[in-house]
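Next come two complexes, and both contain subunit A; in the first it sits with subunit B, in the second with subunit C.
On to the complex of A and B.
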């Protein structure tokens, strides 16, 4: 937020979106599919970053918001036969509502206790999915049929299983979330969130109800993560309990740390980086996780603020 | 009618009576200094007024309303502003953003009008920091950080501004500017300051309240306090004894 020139900032973000748009026509099939997945998950990372990067609240339970969206959208399609748009809205609504309830309870704590409480709630959510296996498919999960993943608008229909449509849908969601996040962090609300991260006590003494602001941030973050989950279910057609496991709470944290916490584009960069390091190394050796681990350690040692965080610190102070 | 009164205000920490049954009244528009030896309960007392800590017993009335149990952030919205004893600015934000936080608060509350930018620049100009708006607050000199703290207090448009040791760490030249600034603030607000620098207290204060062991030892004009033998024993003891 230093010396912010709005024109330059918006040009950068629109440029990134334009680049991703062009890539649809250039990328080979395999990479096109991978990019669609990365963009859908970068939305998850972006939602996580809003809470972790800007407010400084480290949650270890965001898998529950992602999977609330995943199941909210997936189950309404599977059991109730809802259309894609309604199911997507249902997914986001589930995530926002869950975030409101969890936020009210978890925000009574802070620091390490907040991490543990969010992790516990996510674990409860995970076990509930397994318990209600009759509806959720448990650890086997459910496959959403191709026929249910078509949006019909008037006479035309959009088949989300078509690679180009899938890519563009993921890009559309990512673009909206990126621009909304940019607007939020540049707003008065965003300034208060950063102030809470820097010094909550002082922020209170400037007349801010910090608990209410943090709750608003948890709900926004939860809704964005749920949007990612809902899109993931509808675009890739599979919902399963592994998406609610603790691994999916750690992943967004890793992506954000890699890309740069409290940078708007960091979540995309981190997700992209992690996916491609895994993808490339697994082509050479079965011990690819070892190489991923070494890459992570090197990055933490030499660029502790993440890729974009370090670039901002050294060269581009204006990066939002 | 006083702007602020306390009745039997007490705060105990375990067995320690940091503030012990204080009856206090502050008239609108005055500059009041609180002095007293270290550990006399001055900072605890103003923390009770600002709502940072809750009293063990007693009552606080601000502008006719009982605010004893009101959370700190709501007192700020009523016009009670507090600047910290230890510099407590947002070091990683620019001077501009530091002041933008209180400015946008008063805009949201409808207590001021206009743009965030113009409100921020006005507060920075008043404290002589306008040319440093884009500097990270943590990179400002200590004196400027203290002034930024005051600018943030000012930007809250307070009716009561509580300053906890505002001149601590300021150079002599900066202190003169600071005295001028407080006199200017006092034109539209009541000022309550804790201060150790006696020349500053004597120049600024309309009245002085002396704390000792959590209680009010004496209260009066600067002349009365200077002549008070009890105060000399408790606080200025070294100078005549």
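On to the complex of A and C.
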């Protein structure tokens, strides 16, 4: 943004993707699996960042979009025996539709009311999953069998349970979402979103339909989060109600705050950092939530701009 | 049991829920009204009150009433101290920005919950009631302690109302709520008022928890439901309105008691949450509140 040199920006993003590609061949098995998970969840954080970072709408209910994708994909595979690609599309469609409905309702409010309303809708979604435990598996969850997680195109088949295939699939999804987000935030639409964040009244006065733009942002964000959920269900083969709980609405907020809100690469940095912090500290203590809590407080107190946000402010003004 | 007595029992249970809920929600409402921040950690202050009540009452030997009274005094004071420190160390430095404070109180929620799990453990533990007198009704006997909880809560609510409307402290709090900057210009130490209000709000939740802990046990996750219900009460009652909060608490408590006797509790929660979300979307000032200035 601002007057960035596009070449530098694109080089940086392609470089990050290339680095992640190379890491597949270098990383030991354990870390390869962890990275696949991190990339799938970084998509979730990227979707959250679009709404929180660029439009300035703080939602406390994004777990419902993630789990709409998770269940949209997982249940169609589990109950209807759909193939992987159809199930993925179904998951994303569920998330986008849910985001449209929630957006139409929740965007009537703003500020603190928006946070509470989104949190309550997410709570309803969570309770519905528990209520229909006969189909969803409730808090026990469902395991998607290995045989249903194979894509067969023509004669070739891709087994998503194979670590390398799983890593590459997660990377492919992450790369697409990263580049799409980059394109969106550099577009006219993206600039309008930032304008809404900075001053909604003035943007309205300039003749932009702010409600329609915000709704489009909610739907895009919901669809990206649902894509992450759908990929998570298909790649790791487990769906459960804990993914719809409040905690999964807080985590993307934490990752984005940590990496840097309104930076394209921030969500990945935040997810990666937080995942490794908990992974390393879980060797000493099981008090995982304590770390999350302390991190949240320290972040809002001392680094409200996050890692990449601070770097952009100090040294690299061109960072997107 | 016939339908009539069954309904009466459900209503009595609902009344006990209402009494505790009114106190908890009043704390949340006070903090929101005066400081304009949403305290997501409010339910954890409730939990902390219950857990500390267990700790105090087991540390003191002798008649259960002694332990209970000690818990009723010590637990809220300790919770108030924790809240005061949290306000002083964190919220004040955020200049009470509504969004940052929500994130920060979410952090506090996780910290308090995890510490309770680490030091108190995952078990649910009971506290002995101070007396075990049963009131005999024609159809069933009912715990006298439960009815005394309702009385104690009503007393505290009246007391809070008197403090808010009849004393100088109450006037200072209302002045700060009405217009922070003008209050400061008149020499009111706004920061100290904020710290006090945040501590009092947490203490109200802690008192409610101490009152309820002889009926339902102390558990490290027990703060979740009161938080959600308090949100519901505060939103239905209109943010910052004392009368609305009490009316809404009785309404929600009774209907929660009666609905969950006849329907599945999960379904009751789904309906209640959805209705409240819709109220917030279509009538953000609440059912009893007036439009915001």
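Things to note:
By our rule, the second predicted complex is superposed on the first by the 302 of 320 C-alpha atoms of A that agree within 3 Å, B and C clash if a C-alpha of one lies under 4 Å from a C-alpha of the other, contacts with A are read in each partner's own complex, and residues count from 1 in each chain.
One rule holds in what follows: a contact is a pair of C-beta atoms (placed from the backbone, for glycine too) under 8 Å apart; a residue touches a chain by one contact, two chains touch by 3 or more.
Please read these numbers as outputs of a predicted model, since none were measured by experiment.
When the two complexes are overlaid on their common chain A, residue A:290 makes contact with subunit C while staying clear of subunit B. In the superposition on chain A, contact of A:205 is made with subunit B only, not with subunit C.
Residue by residue along subunit A, subunit B and subunit C are tallied for touches, and C comes out ahead.
When the two complexes are overlaid on their common chain A, residue A:151 makes contact with neither subunit B nor subunit C. Look at A:100: by the touch rule set out above, it reaches neither subunit B nor subunit C. By the touch criterion defined above, A:115 reaches subunit C but does not reach subunit B.
Comparing the two interfaces of subunit A, the one with subunit B and the one with subunit C have no residue in common. Residue ranges on subunit A touching subunit B, taken from their complex, read 1-3, 188, 191-192, 194-195, 198-199, 201-210.
Contact residues on subunit A toward subunit C in their complex (touch as defined above): 58, 60, 105-106, 108-109, 111-113, 115-117, 120-121, 123-124, 127-128, 130-131, 250, 253, 257, 287-290, 292-297, 299-301, 304. Against subunit A, the residues of subunit C that register as touching in their complex are 38, 90, 93-94, 98-100, 102-104, 106-111, 113-115, 117-118, 228, 231, 235, 264, 266-267, 269-270, 273-274, 276-278, 280-282, 284.
The residues of subunit B lying in touch with subunit A in their complex are 50, 52, 71-74, 76-77, 81-82, 84, 88-94, 97, 100-102, 104-105, 108-109, 116, 134, 136, 152, 156.
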